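So that you can tell them apart, the chains are marked A, B, C, D and E in the order they are listed, and the count of residues begins at 1 in each.
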């Protein structure tokens, strides 16, 4: 299992960047938003939280299809499925590797990007907290989508289509948490919900993903 | 050449959707925005143009990596490069196929999504015009990025990183055109710029893309 | 003797080893004197206060950020047309320096912006086009990193640099059009009235010279490293053949 | 000792039976070569045995955790070196050092090369080395010698012989002569699934719909 | 009539010469089989001939638009049917009907099946059928018979014989015996590139960098 994690991380690094690319994409989305909506600081501040959460979500999304696709194409997935490791474990580890290479850097870098969008002061702390709690769920759900679409050519768009609705609750509570935190309101409710969603997702979804992979391999 | 276009379109349709998926992704981005930034109508109207252009851009982006990747993996690209068709033509046709399956449906559907975001009345016409003029450039530039990264594993994110800054002028003039059009200002200048960028891109960039593919194949 | 001779790695190594210490020393002198002068020996400007000192890092780094990209464009063209390996390696070596310069310009700009404009960041055309330049540098470097074969990487990054330059200029123009901005215009041009007074002007010139020399020194150093890495690779390959 | 026993097996691909009524056993120290024309169903059969797809009827009995499967594709990571690839599989299977496999498949000299820079045959040798590091007794191999030159085929045959001598067993599909004279040969042609009209398998699904 | 002439060719892979001093000619009606152990450089040579990568030294002369290249990979689209795949290549090469190729490679019965549902050998047959529809006189083939059963290999050999009889030529790399007795054989082992110290190619690049 550890071997698999190390291999996946090493592959991500070798593939040119690993950690950096998710970040770079996030940066780009954040940069493009003002071009679209205009440069006025107050409008930007108003939508900053939403944009940052959406950016994280899309950066995550873009890298999803590679969670299993490469292993499927070169036949490793077949071989892993016949190896003495539970497929549920494989799925979880791969989601973890995805989070380490994509989610974690986003969490760490989000405050910097907040500056670009004139994020109001108290929101920074809550932004980091919400991303830290929410992004693991994004990776695990993403792995599920990737498992469903592995082996389908041009799975990319289909994958996004399947996964995005699953992301809605995380997005809602994540953005809500930042909003409430920033305006000094009670944060307990969205905090609990967000943590609950992530915990439940991590506990349950890998079984579904493993089942999906088994079906897709046969 | 026509055969290649037909093949690519057929492949897109067979791969499950083709036209539908780009649209669906667009729809989802548009739906997620209110979750992120909050449901207030005036804020949404304020950012509607930007969101629609960004959505089109991201929907485009997500499907880019498949322009050449599949053909590279199964060896068709090698065979096409040795076939009696100029590689510049192949690149252009593939960008065209990408536009027909991704850009065109977005152009047609954008007004519908505009309703979801409370787009102000006069902006509809200009939104369609700007997308119609701008999206071909997105496809051609995307094909260039795809050509640069074909054969690199996990090219997906790198591709986005390379392509997004190239999209900036198109995005700026596209959004500006809608803004001016909607508020009754003079539209000539962004209109000309947008058309000019697209025309120049289509005329010149395929040569760079073909060169990149040749280098990547050797 | 033509200038192209220096495109030969051996010749380049020899010449650069001679030049390098001088350039480095000169850069150090310029930087130390220029920065000390600028930071401690100039008066506070009335509407800028202490923060005017940032200019001694901000302006040179901003200028270098642009000039390094131009230099990469030229060396990429030389590689694509005449296929001199040193040229490609110089472009590769310059990119991270350019990235850091852009970053320094952005950060010092932000630090300056806080007291001046009351905000760390504003979507001003100057600032924005620098952010885009930053992205171009990132993409360029990422592409070099992602490709194993050095010739392939040199070719592809060369093409990217060409296309990227055109779009960087386009972006600069588009951004200007899109937002009026707060950033001051080019106050260094000699004929303008709003030129800053000589008290600031001379140390600034010295700093700029220092940055240029510092860049040349770093570039030579890094290119030499790249050539050595390349040599190592060639030797390893020969080993394998034997 | 019987390591693999197959009884009355029907395997399907794309929802259609391809082979039926198949039965054989494989004992320790023995090898079985599957033969049959293209498209008869060798790959399908091997994948079913490996547990990657369900059998329609019949039973497959094999002690748990004894099988190592090698497919048409090698499952190599092109950016990892030869050693890194093998080490990964060694730790997945919880086996120890990989030197033996490297030597056996004549990969010593290539050990530090990224898999991507190998030729077709060199890749295949690496794929076979993976098999050696699994340490599993039952080998199930799909065309193991594709792209190999004569010397490498002999190398592979030796490795199989060794494996059998140590009490292992091997089942492989191949079109060429491996020079493994001790291996039994099973021709799959007689087991080709017949259409239901001619007495082939009639599933409840088919019955319900036709 | 000489269709392909190669002189003093040095081919490289990964920046390293792999074969050098290679020269041969191929005349209409003749076939040449390239032999050599794994990793000697057959694929590299064929790709160079096909114009996919540049040669380091030497010259390749071949009349324009006469070559059809078939690589390790078949370039099939898995969601298109057998006919659709062939039709596409026929129109790229501007040739007419594909029936002949279908018959020749015994693909009639599979004509409407999507390529994805073919077995390894069936796919390969389809890849060879593609070659037939190009209508090009010079075939450059990289291991054309991988995964094929004995009957299909014979089918392929017949197709080559036919092609030669019609004035075509074929150059192929293979490890197995195709039963093409009329083909000349070129062993590549003697052309293996030597390190520069032992008299191998000294490029200006290498000299400059070491």
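Rule of thumb we're sticking to: contacts are C-beta pairs under 8 Å (C-beta built on N, C-alpha and C of every residue); 3 or more make two chains touch, one makes a residue touch a chain.
Chain-to-protein mapping (UniProt): C = Heme exporter protein C; D, E = Heme ABC exporter ATP-binding protein CcmA.
The structure presented is a predicted model; accordingly, all values stated were derived computationally and were not measured.
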Required steps from chain A to chain E (each step between touching chains, minimum): 2
Reference chain B; chain at largest CA-centroid distance: D
Which of B-C and C-E has more C-beta contact pairs: B-C
Label of the chain whose CA centroid is most distant from the centroid of chain A: E
Centroid spacing, where centroids are CA-atom means, of chain B and chain C in whole angstrom: 32
Length of the line joining the C-alpha centres of chain D and chain E, rounded to whole Å: 29
Interchain centroid distance [CA atoms averaged], chain B/chain E, Å: 37
Whole-Å gap separating chain C and chain D, where each centre is the average of the chain's CA atoms: 57
Residue list for chain E, restricted to those that touch at least two other chains: 14, 72, 78-79
Shared interface positions of chain B, touching two or more other chains: 11, 15, 152-153, 158, 161, 164-165, 168, 172, 218
Junction residues of chain C - those touching two or more other chains: 132, 135, 138-139, 142, 146-147, 178, 240
Touching residues (chain side chain B, partner chain E) in the complex: 2-4, 7, 10-11, 14-15, 71, 74-85, 217-218
Residues of chain D touching chain E in the complex: 13-14, 36-43, 72, 117-122, 124-125, 143, 146-152, 175-176
In the complex, chain C residues that touch chain A: 110, 119-124, 128, 131-132, 135, 138-139, 142, 145-147, 178-179
Parts of chain E lying in touch with chain C, wherever the complex brings them together: 14-17, 193-198, 200, 205-206, 208-210
Parts of chain B lying in touch with chain A, wherever the complex brings them together: 11-12, 15-17, 21-22, 24-25, 28-29, 32-33, 35-38, 43, 46-47, 49-51, 53-54, 57-59, 61-63, 65-66, 70, 73, 152-154, 156-158, 160-161, 164-165, 167-168, 171-172, 175, 179
